[in-house]
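In what follows, structures are represented as structure tokens.
Consider the two complexes below, in which subunit A is the common component and subunit B and subunit C are the respective partners.
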Partner chain A sequence: MFSLLVLVPFLILVAVNLSKKVAPNVACSLTALATLAQAGFVVSLPGTLLKTNNVIFTWLPDFKLAIDEFSIVVLAAIGIVAFVACCVARSTINDPGQRATFMNLLLVALIGMNTTVMLRDIFSIYLFVETIAIISFVLISIDRGRLALEGAFKYLMLSAFATILMLSSIALMLLFSPTLELSGLAEAMSVYPNPILIKLSIGLFLCGLFIKSGLFPFHWWLPDAYSAAHSAASVLLAGIITKVVGVYVLMRLSLSIFGESLHIQAMVMAVGALSIITGAVLAMTQKNFKRMLAYSSISQVGYIILATGVGTPFAFAAAAFHFFNHATFKSLLFVNAASVEKRLGTMDMREMGGLSNRMPATGITSLVGFLSTAGLPPFSGFWSKFMIVLALWAAGKYFYAAFALLASILTLGYMLILQRNVFFGKLKDGLGGVKEVGPGLVIPQLVLAAIIVLVGVCFPFVLNKFIFPVQSIFLK
Partner chain B sequence: MNVSLFGLFSVFVILLFIAGTYSILVTFNLIRALIGIEILIKAVTLLIILAGYLTGNLGLAQAIAITLIVIEVVFMVVAGGIVLSIFRHHGTIDTRNLRDLKG
Partner chain C sequence: MQTNLLLLTVFIPILGSFFLPIAGRISKNFRNHLALAFVAASFLLSLIILPGVLAGKTIIFTKFLPLGFNFVLYADGLAVFMSLVSSLVSAIVVLYSFGYISHYDDQNEYYFMVVLFLGSMLGLVFSANLIFLYLFWEATAIVSWRLIGFFREKNHVLKADKAFLVTVFGALVMLLGFINLYQQTGSFDLLVIKDGLKMQAASSLAVALIMAGILSKSATLPFHTWLPDAGVAPSPVTALLHAAVLVKIGVYVYARLFVATLNVEQFWHTAIPLICGASALVSAGAALIETDLKRVIAYSTVSQIAFIFLGLSIGNIIGLAGGLLYILMHGLAKAGLFLCAGIIEQKTKVRDITRLGGLIQTMPLTAAAFILCAFSVMGIPPLGGFFSKYMVMAGAFNSGNLLIAFTFLVGAVMTILYLFRAFNLVFLGEPKTEPVKEGEPVMVFCVALLAFLSLAAGIFIYYPDKVVGTIVQQIALIK
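Showing the complex of A and B:
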């Protein structure tokens, strides 16, 4: 059943490229259906099916695909965000050739992400991360604009450094482990006498992942890439791609390889906390809508990383929950940005104001996204941030718990600046003719807003069915 | 491989690392930066072969090296395409022109 997650996008990819006559809209619809089916299928899985260590495919002893409770949360997020990116691409990319290119790239990225989530050996994970990175260079520079190319090149250079760091780390791992499969690697690490070599290899790999997920010392490529990319591409990148290639892989490795090492945990938590504060402070100074959202993304990813570094099952579940919530509310805000850009043709916040009057659906859904990002009840973001703070407190990290709580006030601050400049207040002169965007953009906004509200309101149900089972991975 | 040859091999890998890093740090030329990246990836590939040789795990190391060569080609094709498009916009491949995105 799970092989379909990879096979269906692959078959669609082949089918829409068989003949030149297939319209890009057909590809759009097929992909949208496939991604919706993925989200539905994954969500409908009862937790009891996953009692065993669910290996779904084995080829060589080293290579297998497996699925667990954490993968399910990530797969659901992938399905939802890819669906939204489909809708946005359909109504914002005007050139049919470009739209076809975008759909092809999206399908390959979908295959890559779904496989990454199921992989269990470090070299294959690297391989798929690299493939998705190459796709994102093309996605960013899809309209070959001046700024887009600059953003793509910056990402490319940093990503190449990440590649070199990760590969050096794999070379070091080969020195002490006969296999690169995650559980075998963890076993080899526990018996190897030289801790410095092990820490060096893990540290190098982590630095590569920090670059890929845009965390504090390596964050500066991310706003450039997100703000210069086409709207549809930035929804896909910000919503899921950098999260899967960076954050998911980091969480998976922390689960299997370096979960018990105190030094590494301290480092991961420090990087997370620094990213929270850097992202939030820099977001306040921005004049560009998408740049501000990109800095906010750095800050929110910091929360996920901070919770991952704690190393308790509850903190890990909280991180997984915030992973899902971040994917939904950040893509909602980026779809709002896409709507505003479609109507106004600019992303400069000094030229906006009072847009809620003219674009009610965009205004209201952005308010939902904003309240969820800022962590206000009853929206989904509140519960995951609350869980993160609780987990930090329960693990005895009082400083970080207070820090996470205070930093969410900063989040509220920059989101208020954003709302006041763009949606609230009096309508700016010259914007009188602005109309609400068409259903192609309103529907994804409403879908995402509904998910955020539903997850927030039905919190106990979601918690018991999807989030608490994540903790059981630690027992296996 | 005897001991002196092994030493030579390691020194060569280290030299490649230094050369790649140096060529990225000193240049303002996009193509030269890409060549630096290429040299670094080559160095890492040799490092993996070296690790495989030291532990007697040559089969895995060779498989990884071949996969890396393929990945590297794809990476360089995309990077070359982006540099070419930048050249069409700016008429030059100097990194000092890439300063439009700030903040």
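Showing the complex of A and C:
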């Protein structure tokens, strides 16, 4: 069954490219259906299926695809965000050729992400991360604007640097381990006498991942890339792609490889905390809607990384929960941005004001996204953030717990600036003719807002069914 | 049966509020009356559960949830008293809004927010789990933010943001305090926490952190500045949120946590009255020099809240009873003052009291209601405010700390000064504005009703006093 997650997008990709006549809209619809099916499928999985046999495919001794409780959460997020990106592409990319290109890229990215989530050896993970990175460069520069090319170029340069770091790290790993399969690697590390070599190899790989996730101090490529990219591309990039290639991989490695090392944990937590504060403070100074969201993304990813660094099962589950919530609320905010851009043709917040009056659905859903990002109850973001704080506290990291909690006020601060400038307030002169966007953008907004509200209100169900089981990975 | 009534009390306004925007599409009148019905239903239900609760039967509803996040609703005398006061004032304010808000845009949002506010308030009042208490606490903050910025002016939205940021910051610090309690007892459930900390005092770190939240929500020094700024909201909102109900959240949570549930170290019984004494004096001084009518009344609220804290924190029974009584009396009277200010503002379009005058000639009913409510806030017999202020002061003198007692005595004298000043400038003297007519009948009826209730609560002080006396006995008994 799980092979379908890779096969279906692949078949769609082949089918829509067989003939030039297939309209991009058909590709859109097929992909949207497939992604919805993916989200529905993984969410409806009974818990027992996972306990019996989680390896689903083996090729060489090292290369296997497996699935566990954490993969489920990530796969659900991928499905939802990819669906939303399809909808946004359909209503915002007008040129059919560009739309076809976008759909092709999205399908390849989808295959790449779904596979990455199921891979269990570090070299294949590296390969897929690089593949997705190449797709990202094209995605960012899809409309060939000067800023878009600049954003893509920055990402390309930093990414090349990350490649070098990750490849060197893999070379170092081969010095002490006969295999690159994660559990074998962990075993080899535990018996190898030279801890410096091990830490060096892990540290190099981590730095590569920090670049890919856009974490402090490698965060500066991300706002350029997100804000210059086309709306649909920025939903996809910010919502899920950088999260999978950076954050997911980091979390996966923390599970099996560096989870035990105190130094590495301390470093990861420090990077997370610094990203939280840097992202939030810089977000406050932004004048561009999407740039502000991009900095906010840095800050929110910081929370996930901070929790990953703790190394306890509970903290890991909290991080996985925030991963999912961040994917939904950040995608929602980017769809809001896409709607505003479609109507106003600009992302400069100084030219906006009082848009809630003219665009009620966008205004209200942006409130849901904002309150969830700021970690206010009863929205989903509150529960995951609060679990992170509890996990930090339970692990004795009192400073980080207080820091993570009080940093929410910064999130609230920049989100209020955004609301004040864009949605809440008197309608700016000259915007009287603005109308609400069409159903192509309203529906994804409503879907995401509904997910955020439902996850927040039905949190006991979500925790019991999806999040607490994630802790069981630590027993395996 | 009683449990169901309790659930209905909380969830009728919460769930009902979501129907109001839909109802507003059908008919304005229908929506308005529906809103009033939801609020009145909560009041009546609280009234129905009151006798049983006063007889000593507490109502508990528990739904077990993971991580110690159990959803517990717990109705004892204190909670039902608070829910009665909140829903009574809310009902009068909603009725007043029929007249006031009909002139403005976004009415659907207005009624939705006001009724949702009451629901969140009642949820907070009955929650016996700190997480849900926090949840409802923030819900009231979100509603308050939307309502302060209701007129959407740039300046208003900025002030709404300020109120939001200050109160949420306080709440986050408070949440840290809750986590601290969680560490000590392993639960967020107040009933479990109470058992766990029966013999010892709660850690002073937790108390200090939680106090930050309480002081910010109840607009007490040093977190008080958001309240006068929040006066840019529509007047019924100011009356409901920033005078009668929302600012009592901090006071209520203080009573719930540090009087009825936990033991605190002895020095808090001196430290908190001292902070509040400073708050009472500073804000009374500000009220004396302010020229904006709503800001004068808002500073007066800051000052009067300090008296409530004094009563609750001074550590003797008469003070505690006085403090609780004060919540009722101040809620009625201060809501009346703000609603009067709303009538004046809407009719004259002026809020600067130095540019007003002689309104008693054209607005006799409003003037009479204003002065009655002002008398109650000042503490002049036989109005209700006299009894509560007397009992709080008696508590202060009984505690033996004369510094505190005299500080508040000065505060009480200043209350009389600034309220007379406001009344004098607005209603007496020569008219300085265009002659205006009395406000709309429904609005005048509401202020007259509040003035009448303030008076009646004083004349028939036996009944509120009996209720409060029973609550205080319950609290003393379980500790």
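Just so it is clear, the second predicted complex is superposed on the first by the 474 of 476 C-alpha atoms of A that agree within 3 Å, B and C clash if a C-alpha of one lies under 4 Å from a C-alpha of the other, contacts with A are read in each partner's own complex, and residues count from 1 in each chain.
The rule we apply is simple: contacts are C-beta pairs under 8 Å (C-beta built on N, C-alpha and C of every residue); 3 or more make two chains touch, one makes a residue touch a chain.
From a predicted model like this one, the values you see are computed outputs, not experimental measurements.
Peer 1: Would you check which partner chain A:Leu11 touches, where first means subunit B only, second means subunit C only, and both and neither mean what they say?
Peer 2: The answer is neither, since A:Leu11 touches no partner chain.
Peer 1: Name the contact category of A:Leu167: first (subunit B only), second (subunit C only), both, or neither.
Peer 2: First partner only, subunit B.
Peer 1: In the superposed model, does subunit B or subunit C contact more residues of subunit A?
Peer 2: Looking at subunit B versus subunit C, the one contacting more residues of subunit A is B.
Peer 1: Determine, under the contact definition given at the top, whether A:Ile409 touches first (subunit B), second (subunit C), both, or neither.
Peer 2: Only subunit C; A:Ile409 stays clear of subunit B.
Peer 1: I'd like to know which partner A:Leu175 touches here: subunit B for first, subunit C for second, both or neither.
Peer 2: first
Peer 1: So in the superposed three-chain picture, is A:Thr285 touching just subunit B, just subunit C, both, or none of them (first/second/both/neither)?
Peer 2: A:Thr285: touches subunit B, not subunit C.
Peer 1: Go through the superposed model and pick first if A:Ala152 touches only subunit B, second if only subunit C, both, or neither.
Peer 2: Touch status of A:Ala152: first partner only.
Peer 1: Which positions of subunit B touch subunit A when the two form their complex?
Peer 2: Touching subunit A from subunit B are residues 30, 33, 37, 40-41, 44-45, 47-48, 50-52, 54-55, 57, 60-61, 64, 67-68, 71, 74-75, 78-79, 82-83, 85-86, 89-90, 98, 100-101, 103.
Peer 1: Along subunit A, where are the residues that touch subunit B in the complex?
Peer 2: Answer in residue numbers: 62, 123, 127, 130-131, 134, 137-138, 141, 144, 146-147, 149-154, 156-157, 160, 163-164, 167-168, 170-172, 174-175, 178-180, 223-224, 227-228, 285-288, 291.
Peer 1: Using the touch rule from the top, collect the residues of subunit C that touch subunit A in their complex.
Peer 2: 65-67, 69, 131, 134-135, 138-139, 141-142, 146, 149, 152-154, 157-158, 161, 164-165, 168-169, 172-173, 175-176, 179, 182-183
Peer 1: Any idea which subunit A residues touch subunit C in the complex?
Peer 2: Listed in rising order, the residues of subunit A that touch subunit C are 354, 371, 376-378, 382, 386-387, 389-390, 393, 401-402, 405-406, 408-409, 412-413, 416, 420, 424-426, 460, 463-464, 468.
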